[in-house]
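Data block below; observations after.
A, B and C label the chains in the order they appear, each numbered from 1.
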Amino acid sequence: MHAPIELADNAADVLARIRERAPRVHCITNSVAQQYTANMLLAAGAVPSMTIAAEEIGAFVAGADALLVNLGTFDRERKSAVELAVKTATAKKLPWLLDPVFVDRSPPRGQFGRALLAARPAVVRLNHAEFTALSGNKAEADAAARFAQANATIVALTGGVDIVSDGRRRIAIANGDPLMSAITAMGCAGAAFVCAALAVETDPWLATLAALAAFGVAGEVAAPAASGPGSFAVAMIDALHRLDRVTLRARVKAS
Amino acid sequence: MHAPIELADNAADVLARIRERAPRVHCITNSVAQQYTANMLLAAGAVPSMTIAAEEIGAFVAGADALLVNLGTFDRERKSAVELAVKTATAKKLPWLLDPVFVDRSPPRGQFGRALLAARPAVVRLNHAEFTALSGNKAEADAAARFAQANATIVALTGGVDIVSDGRRRIAIANGDPLMSAITAMGCAGAAFVCAALAVETDPWLATLAALAAFGVAGEVAAPAASGPGSFAVAMIDALHRLDRVTLRARVKAS
Amino acid sequence: MHAPIELADNAADVLARIRERAPRVHCITNSVAQQYTANMLLAAGAVPSMTIAAEEIGAFVAGADALLVNLGTFDRERKSAVELAVKTATAKKLPWLLDPVFVDRSPPRGQFGRALLAARPAVVRLNHAEFTALSGNKAEADAAARFAQANATIVALTGGVDIVSDGRRRIAIANGDPLMSAITAMGCAGAAFVCAALAVETDPWLATLAALAAFGVAGEVAAPAASGPGSFAVAMIDALHRLDRVTLRARVKAS
């Protein structure tokens, strides 16, 4: 069990290490999310790269500290890039996160998502519809725990409250703001931020909790300054860039 | 004929239905415009998707409520995606809009634009140069009406004043702000918003008028708050998100 | 030699011509940078296009006033687009700029960068790591001058201070703000802005100096208004859009 204060300090520590070490995160992500994801990583202190060319993705992943695999758009080249990237990450023991976006919308995507899950991502981040499509179960804490255990991974089931489980432990993080779901690529950028945390914290459980808590708190800080989703998207980047320990301690809500 | 007040109420009604029903709009759009288009649709209350993979575009379009086809960038995979998507939309009787961006700039694009026109989009949205390239005529109201009739579609000829015609009727909408042309993807995002309207209003004539009027009014509301095109692009998303009936009634200008 | 006041006036003149003539800049750039680059060009007064389809890139480049070649993402289609585009630019004597992004990260990209250099870009814009990867030398002014001379090009070596050399002359421009490196695509957008300058100023030396000085000053104007990198990215577009001679004269720092 973690008290919110421990979680807040863990988040502050992880954030400090990202800012200090500037880890490289290679992102295979959908074309809609690329710019916002890159800016979120830079705001956190990490260094993004995003190429998908078959002849160089191996070199990029080998030189990175973590890998993001997001299925949001799903063209041919991106698909073979994912396979090469995961192979390199596995060989180099690099942590990687699977974000199976829209896996509920088309059967080939569902199949690809399940194949990737079998390749052992450190973390799977997904929303309720995606969880149901991949697991065959209703999206709630028990099912998430069973799914995490069965796949030897950490499940980050995002929603109004984020549920995190590694099969054995489970935590609910209740930070964030409704405006976060009114912006494209917000979840994708949050998943990339988990990758930055995985790059500097060897315990993937602590890394995932830290990133989700910090991301949610950044959303809470950004929301009051915004006049709508457009200005919120901008304020969110500023908020993550300036997020500090005092704010995290005051705001992290977990149980 | 429509009085501005009727148009404003129609726009408010359509906007309310988008917010309530959250229609899915599948967008095949150029890579430059994807993020802004997705955020504009979300701001309006719709749910965007943007994949172009051949093996799943059929499933995405079949599960959508409207389809956007934008030619802004024109790589091979996107082109075959368009063909598959239009086939599915036609089979499912889904409304779709053609935005033949830059059709005036290269002959193969012109040819592809004409072939798509023959596949019967509900609406064609284009600027003056694109209209001239596709129709062979000067961009003015009479030519737009003839072009609409000849192609059994609704023409939305955008510019300082937007001219809309279905061949029989024609309306000029005089809303908007010059800053709207200083931002990339503004027209593309506006066309996507017309698709969201087509998804909730079965009369494509009313849907097109509603969306163009509301989009122009959002531009007028956003402009005074902006210090230039960067902040205008952000304010425009906020403005569409908050647009209400009172503002529409006060501002819609049509004849 | 140029006094800062001459450089400022040169920058103001070039900016005025971009606003007046609205030159077309065709950009082959990475998918992460496309939207921000397009908006920066529009803010400056230029007209961007970004298609990479083999069958039409020739027509787009032939109708453009300058060409940007950026290697940031490096998929197959983009690579053959670059080759066709450079061929057309050379045949039409169109100025083009090479931005060999991440050329230090993978061997095939390094090879492609060197091949492009041999095709004689008017300007090469690169950061320190990229310079070292391409030239084999430490990134400093003497090496930049030798590299420029050996490749018959202008080198714009960007960093805290930008060093520009055509082999014979060299200038250090000390404008800009640290926030400029906290945003993705800022350097890419700056390189595109150099292309807009090349389109309206036949002397590539003056065009490069003008664009780098103006871009750095825009960054300085934007920074105080920003609460972080998110709002800075927005303010930067506004600042370039409104940049004037008085501000340039007050701020250009060169030696």
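FYI, a residue touches a chain if its C-beta (ideal position, glycine included) is under 8 Å from a C-beta of that chain, and two chains touch if they have at least 3 such contacts.
Since we're looking at a predicted model, the values are computed, not measured.
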How many steps does it take, at the fewest, to get from chain A to chain C if each step moves to a chain that touches the one before?
1
Between copies chain B and chain C, are the contact residues mostly the same numbers or mostly different, with half as the line?
different
As a quick test, compute the distance in whole Å between the mean CA positions of chain B and chain C.
33
Any chance you could list the residues of chain B touching two or more other chains?
31, 35, 233-234
Residue set of chain B touching chain C in the complex reads 30-33, 35-36, 72-76, 79, 102, 105-109, 182-185, 226-231, 233-234
Sites on chain A touched by chain C in the complex
31, 34-35, 38-39, 42-43, 48-56, 59-60, 63, 77, 233-239, 241-242
